[in-house]
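As written, the chains take the letters A, B and C, and residue 1 is the first residue of each chain.
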Amino acid sequence: MTLQAAQGGAVSAAPPSRIPDRRRVLTMRRRTWIASALFLLPAVAYIVLFFGAPIVKNLTMGFQDYTTATFYNGEAPWVGFQNYVDMFESPVFSIALSNTFVFTIASIAGQFVIGLAFAVFFRRRFPLAGPIRALMLLPWLLPLIVTGAIWKWLLDKDSGAINRILEALHLTSTGIPWLDSPSLALLSVILVNIWIGIPFNLTIFYSGLQSIPDELYEAASLDGATGWKAFRHITWPMLRPVTNVVLVLGVVYTLKVLDIILGLTNGGPANATQTLATLSYNLSFTQFEFGQGAAVSNVLILISLLFAAVYLRLSRRSEAAE
Amino acid sequence: MKPRTTRVAWIAAASAAAVLGLSACSDGTGGGTASGDATTLVVQDYYGDEPQKTVIGDLLDGCAADMGVTIQRNVVAAPSLVQKTLQQASAHDLPDVLMVNNPDVQQFAQAGYLRPLEDFDIDTSGYPDGILKAGSYDGTLYGLAPGVNTLALFYNEDLLKAAGVTPPTTWDELKAASAALSGDGKYGVAFSAVATYEGSWQFMPFLWSNGGTESDIDTPEAIGALQLWTDLVQSGSASQSVVNWSQADVADQFKAGKAAMMVNGPWQIPGLEATDGLNYGIVQIPVPAAGDTLIDPLGGEMWTVPNTGDDAKEKKAAELVACLNSDKSQLQNALAQNYVPARSSLGTQVVAQVPQMQTFVDLVANARGLTAELGPDYPGSATRIYTAIQSALTGSLPPAEAAAQAQAMK
Amino acid sequence: MSARRRGISTALAILILIVLLFPVYWMVNTSLQPNGATVTAQWFPFDPSFHGYEVALAEQAGNILTSVLVASGSVVLTLFVAAPAAYAIAQALPRRSGPLMLVVLVTQMIPGIVVANALYVWYSDLGLLNTIPGLILADSTAGIPFAIIILQAFMAGLPVGVLEAARMDGAGQLRVFLSIAVPMSRNALITSGLFAFLFSWSDFLFALTLTTSPDVRPVTLGIYSYLGAYVNDWSPVMATSVLASLPAVVLLLVAQKYIAAGTTAGAVK
C-alpha cells in the first residue's frame, strides 16, 4: 500500500483518522531530517576535525608571542593586539596589501576571461578537441616547484627564451628585466599565475557549458541570435551559478598563492612581489615570528571572508531581482 | 514503518563505522622515533644532492657499524628542514641526531630543542674558535660541524687572459676588472643578491672586510659595501638579475661563460670540474684597500643532539656526533663535499688531494660565524641586510637611504 | 559545422596549445639536456641525454605509484563525503545553504601550513604518519570542500519535481539520492572527482609534513629531494615531472570523454 493511497484513504475517512495522518507526515519530515543529518555527518565531522582546530589555533596565535620555543614547550605569552599593531606599522605591510589586491584582481580577470573564452571555443565539436582540451590542463598539473623554475629560466633577462624570442622578432632590443625590475616583477608573476590558472577555469566553465542544452542555441539561432548575442543572452546568464563558484573560489585560492611567488622572486625585488601570503610565510619561517605571521594570515582570511560574504549576498540579491 | 527505520539505522551505522574505520586505519611506522629501542637512531639531514647524499650515508653507516647501532635516515629537502624540525618539536617527536644549518643552531638551542654537547664526552680539540662559537649559544656548545665552507672569487682563466686582466685583489681592481670583462652579453662578475638569507650571506665578506657589522647597517662602512655592489650593477659589470639569482643560479651563469668571475663557495667545484672546457681559478674575495684583512663568513652544517627525553638514546646520539666529527670522518666528508675540515690540522691533507681548496683552507682560519654577534637575533639582521641590498641594487633607493630604511625596520 | 570550419578550429586549437604549453615543452627539453644545463639550453635537445630519466625511473617509480594510490583514495573519499552533503544542503536545506556554504568556503581560506602543522601533531599521536590512509585524509582537505561547493551549486538546480515525485512514490532519501540525483549529476561528479585527484596529485605540503621516511613518499616530494642546499641538478627533476604528469594526463584524457554534453539537459535553472 503506497503512502499516497494511505493518505488519500485517511483524508476521506472520519476525523479520528486525521491524527495518524499528521503523525505520518511528521514522521516523514523527521525521517527527511534524520537522513539529511546523516548525509551531512561525514562532511561535518571531516570539516570540524581537519579545519576547526587549525583555524582556532591560527586565530589565537595572532594574539600571542609565538616563537620557536613555543613549539616545544607550548608557552606563548599573550600580547593582545601587539602583533597587529606591529603589522600595521610596518611599511612592508601596506606594500604587501596593495600588491595582494593587484595580484588577485589581475590574476582572476586574466584567468577568468581566457578560461571562459577557451571553454566557449572548445564547445564546438572539431577533431582532436577532447585530447587538446585535456592537454591544456598541464599547466595546472605541474608541480609548482617545477613551474617556478621553468618560468624563472624563461623570463631570465639575459638568456631566457622569452627575451630571445622577442629579440628575434625585433620586438625589443635588449633583454626585458621581467623578474628583476620592481616595476615589472609583479606583472610577470601575475602572468605566470594566469598561465597556471587558465586550465582550472577552463575545465569548470566547460563542464558548466555542457549543461546548457543545445536546443536553446538552436532556437536562438532561428531568431538570428548567434555568436556574441547568443553568448550574452544564453550562455552568460545560464552560467551564473558556475561563474559565482569560479569567481569566489578563484579569489579565495589566489589570495593564498605562495609557492609560485616564492619560486619566482621570493617576494622581491625590493618587495615588489610581496603579498600578504608571502609576508606571512616570511614572518613565520624565516624570522620565526609566528605570532606576527599568524596575524597577517588572519587578515588574509578576513579579506577572503568579506569578499565571499559580500559577493554571495550581492549575487543572491541580483538573482532574486531577476 | 519497519523497512525505513532499518534503512536509516543502517545508514547511521555505516557512516559511523566509516569515520571510525578511517581514523583507526593506521599501520606501521608512525612518528619518527622507534620507541624503546636504543639500537636504532633516527638521523635527519638535508643532504639530498649527490654526492653528499651517498657520502653522508656512508659516513653514517660506517659510524653505525662501529657503534653497533642501526640508522634510520630521514633526508629532508633543504628549504623544509626548519619547518620539519618545528613540527617535530611541537609533537615532541624530534630525531635522535639532527643536522642543523649553522645560522639556525642558536634559534633551536634557545628554544630548548637541543642538548648541550658538554653533557657528553665529545672531543672538541683542534677546532678554531670561530667554528665553536658558531655552534654555541650563551657560551654553551650545542652543535659541532665536521666541515665548514666559505666564499671566494672564482674566475674564468680564459676570459681574463683574453681581456688582459689579472684577478683583482682590491675593490677598485674589482670594479676595473669587471668593467673590462663586461660586454657583448657577458658580465664581469656575478654574485647572489637574492631576497633571502643567501643574499645576506654573500654580502658578509664585503660588509665585514669594510669594517661594517650586521647589527647596524646604517653606518658608513656598511653603506660603503652596499655602494660597491650598487656600482657594479649600475655600471653594467654585474647583471641586474643578481637580485634574483641564488648561488646555484650564479654558478650556472659562470659555467655557461656568461660571467667572467663569480662569488661562490667550494661546493661548486665538482660542478665546475664537470663542465667541459672551463678553466677556472680561485682567489680570495677582494678587500676594500690593499693590506686589509678579508673576513669571510663561516658556512656549513652542524650535528646536534635534540632533546628526546631518552637518556640512553641521547648518549648514543652524542657518540654518533662524535664519530661524525672524528678525523677520519672529517677528511672523508671534506673530500666528498669540498668542504674544509673543521680541525685545522687536517687542512693540508685535503689540499694535497684537491689543490683548489688551498684558498678556502686559508680563509677559514680567520672566518667568522654568521651568528657570532647576534646569536638568535640573526634572522632579523639578515632580513634587514637583504632588504637594503634589494632596494639599493634595483635603484629604488640610494645605498645610504636603503641602509637607513632597512635598519629602521623592526 | 562545416568540415572546413572544423579544420580551422583544430588548427587554431593546436596553435593555442603550442603557445600555452611552450613552458611544458621547455620542461621536456631541459629534462633531456646533458649535465642538467639550464642557462645554455638549446631550443631543441639535439644531443639528448637520458640520464635524468634513468635516475627518475630508478628512484621515482614507487613514488608515482604511491601518488596514484593516494590520489585515487582521495577521489573515493571526496565523493563519498561530499556528494551526500551537497545533496542535503541543496535539497533539504536550501534556505540555510548560504551560511553553510560560507562555512565550507572558509575552510578553503585557511593557509595550508596552518592545517599541516596541526595535523602533524595529531597524526604523530595517532600513528598516522607515513601511512597512505593518513595522506588520503589530509589531501582531501582541498577536494572535499571544493566538491561540496561544486556539487551543491549543481544539485541546487536539479528538477525538484522529479525528486519529489520519487519521494511520493515511497522512495527513501537514500534511494532518491542514489538512483536519481547521482546519475543526473554525473558531470559535476566527474569534475569534482577529477579535481580531487588533481589536488591530491599535486599536493606537496602534506606530503612533506606528514612523512618522515622514504617508505611512503608521493612523487611531489620525490622531485623535491633532488633539490639540495647548494647545487641543483635539474634533469632528474624535469624528467620526474614529465613522468609524473603522464598518469594525470591519461586520466584527463579518459575522464573528459565522460563529461558528455546534454546529459543533464535542463538541470541548471
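What we mean here is this: contacts are C-beta pairs under 8 Å (C-beta built on N, C-alpha and C of every residue); 3 or more make two chains touch, one makes a residue touch a chain.
Keep in mind it's a predicted model, so treat the numbers as computed, not measured.
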item	value
Topology of the chain contact graph, where touching chains are joined (line, ring, star, complete, other)	complete
Which of A-B and A-C has more C-beta contact pairs	A-C
Centre-to-centre distance between chain B and chain A (centres being mean Cα positions), rounded to whole Å	36
Averaged-CA centre spacing for the pair chain C and chain A, given as whole angstrom	15
Multi-partner residues of chain A (at least 2 other chains)	31, 35, 38, 42, 156, 159
Of all residues in chain B, the ones touching two or more other chains	4, 8, 11, 18, 83, 86-87, 90, 256, 258
Residue numbers of chain C (touch at least two other chains)	38-40, 80, 113, 117, 137, 172, 174, 224, 227
Residues on chain C engaged by chain B in the complex (per definition of touch)	35, 37-40, 77, 80, 113, 116-117, 120-121, 123-131, 133-134, 137, 172, 174, 208-209, 212-215, 221, 224-233
Residues of chain A defined as touching chain C within the complex	2-4, 31-33, 35-40, 42-44, 46-47, 50-51, 53-55, 57-58, 118, 121-122, 124-147, 149-151, 153-154, 156, 159, 161, 195, 198, 203-204, 206-208, 210-215, 238, 241-242, 244-245, 248-249, 252-253, 255-256, 258-259, 277, 280-281, 284, 294, 297, 300-301, 304-305, 308-309, 312, 316
Contact footprint of chain B on chain A as seen in their complex	31, 34-35, 38, 41-42, 45, 67-73, 86, 89-92, 152, 156-159, 177, 179-182, 265-272, 282, 285-288
Touching residues on chain C, where the partner in the complex is chain A	1, 5-7, 9-10, 12-14, 16-17, 20-24, 26-27, 30, 38-41, 43, 80-82, 84-85, 87-89, 92-93, 98, 101-115, 117-119, 122, 137-138, 140-141, 144-146, 148-150, 153-154, 156-157, 168-170, 172-174, 177, 187-188, 190-191, 194-195, 198, 201-202, 204, 220, 223-224, 227, 234, 237-238, 241, 244-245, 248-249, 252-253, 255-257, 259-268
Interfacial residue positions of chain B with respect to chain A in the complex	4, 8, 11-12, 15, 18-19, 82-83, 86-87, 89-90, 92, 107-108, 110-113, 185, 187, 194-197, 239-241, 243-244, 256, 258, 307, 379-380, 383, 387, 390-391, 393-394, 396, 405, 409-410
